[in-house]
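So, here's a batch of structures to check.
Paired with subunit B in one complex and with subunit C in the other, subunit A is shared by the two complexes that follow.
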Partner chain A sequence: MGETLIDVEDLKKYFISSNFASRLTGREEALRAVDGVSFDIYRGETFGLVGETGCGKSTLGRTIIRLYEPTDGKIYFKNTEITSIKGSSLRKLRKDMQIVFQDPLSSLNPKKRIMEILWEPLRLHNICSEHEKERKIFELLELVGLSKADRHKYPHELSGGMLQRVNIARALAVDPDFIVLDEPTSALDVSIQAQILNLLRKLQNEFRLTYLFISHDLGIIHNMCDRIAVMYLGRIVEVGDWKVFENPMHPYTKALLSCVPSIRKESRKNKILLKGAVPSPVNIPSGCRFHPRCFLKEDICSEIEPDLKEVKKDRYVACHLYQ
Partner chain B sequence: MTDPLLSVENLRTYFYTPYGVVKAVNGVNFELESGKALGIIGESGSGKTVTGLSIMRLIFPPGKILKGSRIMFQGEDLLLKPENEMRSVRGNRISMVFQDPMTSLNPVFTIGEQLTRVIQTHQDLTKKEAIEKAITLLKEVGISDPEKRIKNYPHQFSGGMRQRVLIAMAISCHPNLIIADEPTTALDVTTQAKIIELLKDLQRKIGTSLIFITHDLALISEIVSEVIVMYCGMILERGEVDELLSEPLHPYTEGLLHSLPDVNIKGDLQPIEGTIPSPINPPSGCKFHPRCKHATVECREDVPEFKKIRSDRYVSCILY
Partner chain C sequence: MSSEEFITESLFEGFKSILSIKVIFGLIVLIILFSTAILAPVISPFDPNEQRLNEAYKPPFWVKGGDKNYILGTDSLGRDIFSRLVYGARVAAVVAVVATILTAITGILVGLLSGFFGGKVDQIFMRLVDIWMSFPPVLFALALIAILGVGLKNVILAIAIIDWTRFARVVRAEVINIKEKDFILADKAVGMSNTHIIFREILPNTIPIIIILATLEMSIAITVEILLSYVGLGVKAFTPSWGSMISEGLAYFRIGWWGMLFPMLATIVVILGLNSLGDGLREKIDPRLSLMR
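Our next item is the complex of A and B:
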């Protein structure tokens, strides 16, 4: 294991829904999107974050790079606490941490040409001067497999795959250490998705980047990531390396993996169909938050919330079955 | 061999846009036997959805189904039917489940109102009987507490539940054919697995035929027995599902399979180079040739014939 780049300790992010009536009555509701999450990300690895809609994976990704104000907990980046830094030190931090969003079109300014879009981060962080601008932008375009002629185009003139390349180039412009990839390929077609995944892997090797790869697609996560964390309703239920796929331990991970369709007949398992739907993050169940849907539930599960514990080497599980 | 339930012959659906003619579906042929499930695989712009809509005759200007196309359903050509007769086919004998469960229901009517409307349009039932039927249907698709839920509006349902309502609506008149257009794309895997089980179960129980449209190769292998692969409005390959996926013949199918990050493969993927061509200005000859690694001069000039390789296996490529 290499050095720790990011260390997250008991991180929480609540969204308070507050309106006039709720302020009067003092009954404000908290949506607990991320509710006490701890993990490390090592330098140079791809850390996968997997979970279903509404489990808090995107919120977690954005909170780590300080796009959201954390409600509680601590975030360390290169051993420095960044939980509550502000102003110019926060701006400096943005140079080290970047993000690529899910929707490649809406994350680019439609009124700007590709060249202007890529110039923006270079200008803001004083990375190169005006007369080096063109050379640097050519370099970036080449890096992500776009042609020089594309710099004069507007976002709407490019296809989804090419737009995502622009987004990646923009993130790379500031030479970051860490990039959050928030479902970077889920808006793309299969044949294009594979191109983008290969590009991301190439860039990681070239610049020794560290990725936090957020996805709901277990196939992609398995293909791309060194270690993965499975999230459910604001908490991490299991962390481990690729062996998680071979031998999932948490009942939720088991169910999730069993539901992934496969083209190979022999790897089609019996599906574990969970009952009901994911509960609302405003009204989180008592005890283990998975217990109302769990097929291995015991009495203790509805009372005490299990902690994430190391059950064997490099495998952490939050489940009473293993405590 | 008995007559197939559905037979699509030389289907061509073009859209006459100000920028040029989009040949969304350009000469598609296939048959579907009663009780069978057929998958249509393709990426965006391949014409798979338009094929589904054409069968339902839900193509509106600037779109047009060209003369010479035939859609034979239970021995009748749907394209020759007057609109009022077509109405008794839609929702009754053929029904469709659309991709986006968020926008396919009317937000200002309750689930019950929308379901009973479909039922009463096609069946001679009183309001009360229709409501009872709606409740049984919702129960059948696995919605708990349907007596109460029927009074809810779509926004009170989750995505998976809305999709179940759409399926309930589609099966309400025991259609002979259901066209499911990416019914699970907007859903999570655990919900997707439940919807797929439900569709399979219903297909077994009421003996409906199914056309399942998707871009997900892995998913399709779990639900249908036969697949056609579409690209730029044309069928490139057709075959039995497991055979087609384990031994793809067309370079495009092969490329798709290699692009797929499966939970069993680690490391670099082998993507198809290039991008999906513009529908207004598609390549000449074989539509796939600009991205194909086996492409020759011939591919650029002629559209390869859709040839039968062996029983139930067809491919459109000069390699064969």
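Our next item is the complex of A and C:
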């Protein structure tokens, strides 16, 4: 394993909903989107983050690059703590960390031409001067496979795949080390998805990028990622390399993987169907937060919350079955 | 295609797409109003304040006893009604433009800050707007003029003080809507400052709604000025304004109907035109807004 690029320790992000009624009664509700998460991301790897809708994976990605203020915990980037930096040091950090969002259209300002959108990061970080602007923008467009003529277009004049290329170009403009890919392909057609994934892989090799790849699509995660983390209701339940797919250990991971659609007959039979729905992140169950739906539940599960522990080499699981 | 051609072509396409009968009618009225206001000294045959007492109460030229020199007749002091009407357009146009600019600037600023920062800032501004809007606007205007005194400048100031809330509310709602889009997060991730995001990224996206509001605001401003001048609290005496003309015309209504009719017609056409422009633009640009009236 290479050097650690990002180290997240016990990170929490709560959203407090406060209104007049809750202030009167003194009971403000906290939505615990990310609730104590720790992991490392190594330089040059693609770290996958899977989980259901609403499990907090996007919030986690955005909190790591400081788009959201962390509630508690620590984030280290290149061994420097960045949890609460502000002002010019935060602005400098923006140059090292970028993000690509899920919806390619809504992540581009509809009133600006592609050239203006790409020029902003270059201008803000003094990457190139006004007279090098055209050349640098051509370079970026070529890098992501767009034509020079596209620079005069507005976002609504481009297709979803092309827009996602613009988003990638904007993220690349500042020459970052780390990019959060927040479901970059889930809004695209399958055929376009493959093109974008290939582009991302090509760019990773070319610039030695480190990705945090957030997705709910297990196929894509399997294909793209060196290591994956499985998230459930604000916590990571399992971390490991591709062996997680071969031999899932946490009951939630088992259930998740058993539901991947397959053409082979035998795998269809063994589907693990979970009972009930995901509990609300405002009202998280006691003990292991998965226990109300777990098919391997024991008595201890409803009382004590299991920690994420290394059970094999480079394999971390948060479950009482392995402790 | 060069970039200049590209820009002009898309501008033209954009302009064509907002045209409708309502918009065209409104634009024509607006153009007539402003060209009359600018060219007033050229168009009007007489000085609007020149009195010829022996020529008083002349009817329009097509009525028996009318004079070809006084197209729309003369008033009780023998002043040419057509010339006064033309100069009255000046007052209306100035009020429409200046008062709208003032209300727009204040309202947009409040709306942007309130919508973008939310929380305490939003609470304070919006409660202020609520308090403001709870005053009946006409009484509010009369009270303000009582404090500020009469005159064109004070009329404009009073309109700006009363009406900024309209812009503040609508712009705030729009900003909240835009703020939730991913591109604002992307801008933050790129390292833009809040000021830059508010004025360079969000503001351009609110322009369509601001244009619609400004058009409607112009008609409100003109109405308020006419109303204040009608009760004698608008422009100073002898400044020809449609409002004061209507009230003067009312005084000699039994002798000559024309003194009151023509300024009223002018008012109706201008207000109708501006409202139709605002409505037409709204239908074309933002169908959602029609629910907000």
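By definition in this document, the second predicted complex is superposed on the first by the 316 of 323 C-alpha atoms of A that agree within 3 Å, B and C clash if a C-alpha of one lies under 4 Å from a C-alpha of the other, contacts with A are read in each partner's own complex, and residues count from 1 in each chain.
Operating definition for what follows: contacts are C-beta pairs under 8 Å (C-beta built on N, C-alpha and C of every residue); 3 or more make two chains touch, one makes a residue touch a chain.
No experiment lies behind these values; they were computed from the predicted model shown.
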| item | value |
| --- | --- |
| Simultaneous placement of subunit C and subunit B on subunit A, clash or fit | fit |
| Per-residue touch tally on subunit A - higher for subunit B or for subunit C | B |
| Which of subunit B and subunit C A:192 touches, first, second, both or neither | first |
| Which of subunit B and subunit C A:99 touches, first, second, both or neither | second |
| Subunit A as apex of subunit B and subunit C, Cα-centre angle in degrees (nearest 10) | 80 |
| Subunit B versus subunit C as contact partner of A:107, first or second or both or neither | second |
| Which of subunit B and subunit C A:121 touches, first, second, both or neither | second |
| Contacts of A:21 with subunit B and subunit C, given as first, second, both or neither | neither |
| Which of subunit B and subunit C A:152 touches, first, second, both or neither | second |
| Touched partner set for A:242, first subunit B, second subunit C, both or neither | first |
| Superposed arrangement (fit on chain A Cα atoms) - minimum subunit B/subunit C Cα distance in Å | 12 |
| Residues of subunit A that lie at the interface with subunit B and also at the interface with subunit C | none |
| Residue numbers on subunit A that touch subunit C, as the complex places them | 62, 65, 67, 91, 94-95, 97-99, 101-103, 106-112, 120-121, 124-125, 152, 167, 170, 174 |
| Subunit C residues within the subunit A interface of the complex | 3, 6, 181-183, 185-192, 201, 204-205, 207 |
| Residues of subunit B that touch subunit A when the two form their complex | 43-44, 158-161, 188-194, 196-197, 215-219, 221-222, 242, 245, 255-273, 275-276 |
| Residue ranges of subunit A in contact with subunit B within the complex | 52-53, 159, 161-162, 189-195, 197-198, 201, 216-220, 222-224, 242, 245, 255-265, 267-268, 271, 273-274, 277 |
